[in-house]
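Please read the structure below before turning to the comments.
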Amino acid sequence: MDILQVIEPLVCTQRVEGLRDSSLRVLRDVNGKIQVAVDPIGVRPGNWVYTASGSAARYAAGDFRVLTDLTIAGLIDFWDTDPGQ
Amino acid sequence: MDILQVIEPLVCTQRVEGLRDSSLRVLRDVNGKIQVAVDPIGVRPGNWVYTASGSAARYAAGDFRVLTDLTIAGLIDFWDTDPGQ
Amino acid sequence: MDILQVIEPLVCTQRVEGLRDSSLRVLRDVNGKIQVAVDPIGVRPGNWVYTASGSAARYAAGDFRVLTDLTIAGLIDFWDTDPGQ
Amino acid sequence: MDILQVIEPLVCTQRVEGLRDSSLRVLRDVNGKIQVAVDPIGVRPGNWVYTASGSAARYAAGDFRVLTDLTIAGLIDFWDTDPGQ
Amino acid sequence: MDILQVIEPLVCTQRVEGLRDSSLRVLRDVNGKIQVAVDPIGVRPGNWVYTASGSAARYAAGDFRVLTDLTIAGLIDFWDTDPGQ
């Protein structure tokens, strides 16, 4: 599972039916790479989260029929961007 | 899910049966990496979209028997290539 | 799905039973990265193809019991290595 | 399967139900990339482990309903960070 | 499927039950990246092999209950590290 920071909601009025009414968030990793994830928890911009990908993402969305490949799985209580150093 | 820009349709007369008559689009990410996705929505060159990969891509294609590993899942209303900065 | 160029057949006399008698091709992307794919179409060195990965690759091989994670899904009619520029 | 070093436990009080009460560990590869994995073995910071990803990760967690995409599969007895050189 | 070179066996006395008694090998790609794979064939250090990943890896292990995400699928008869150049 990857550790990513929440940037903003993703506004997207036209999407495939399979995503239903799930909330989408734009996330960024420490190298600046951007991804989109389903948010079943309700996170805010600036939060650090970890995400489940692949088939686990569909189940983590709370409804396995949600057609995501990335879902926020948890909110990290505290995150130092350079752990263990 | 990744955020990609639509470049052009992919013309491909010889393909495996499993892709059926699905429309294919060439997409490019912010670093210039090129990928091919099934388009169940009908997007145009220049649009920014986000994509579902893996087994979710097959379901997102509207017919899980479509043998894709990448499907356009939504059209982003507005996309700034450098979000949150 | 990724866009790759066919380099050569892969000669491999000792393999797991699950690959059966499928034809294997060595492919290379624009950055020089090498991969091996099952070829259900019959492509030639120099051809540009796009590939399906993951579980879609097994189905695209025409027999889902073929234990591949990458299968050639289509032959691209014409490919400019720098699209949309 | 990837070889990673254990950095620290991940403290995370708010998470999706699908992760149940599994222990989470922050891991780092030789290039410094950080990931989060479920730990069904009980490893300590500094240990080198190898991990199973994808659907195998769910089964390796000991309960396939645990919604992880990365699980520690084994503890390496001895690991030289530059093998075979 | 990726092409990798066998480096050495992986000694690992403590592992999850799901890996059973499968033999593990440390592999390295042309860029030096290290991975661990199940070996159902019996390869030796220095051999070049190609590997199946994802769910195909579990089936390629000869017993789909083996919880691997990477399995050696074949031994390459001859491999030039710079093909097609």
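Just so it is clear, A, B, C, D and E label the chains in written order, and each chain counts residues from 1 on its own.
FYI, a residue touches a chain if its C-beta (ideal position, glycine included) is under 8 Å from a C-beta of that chain, and two chains touch if they have at least 3 such contacts.
Everything quoted here is computed from the prediction, not taken from an experiment.
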item	value
For chain A and chain E, chains touching each	D
Distance from chain D to chain B - Cα centre to Cα centre, in angstrom	31
For chain D paired with chain E, centre-to-centre distance based on mean C-alpha positions, whole Å	19
Chain A, residues touching no fewer than two other chains	53-55, 57
Starting from chain A, with chain B taken as the next chain, the full ring order	A, B, C, E, D
In the complex with chain B, residue positions of chain A that touch it	7-8, 10-19, 24, 26, 28, 34-37, 45, 53-55, 57-58, 65, 67-70
Contact footprint of chain B on chain C as seen in their complex	1-3, 30, 40-41, 50, 52-57, 59-60, 62, 71-78, 83-84
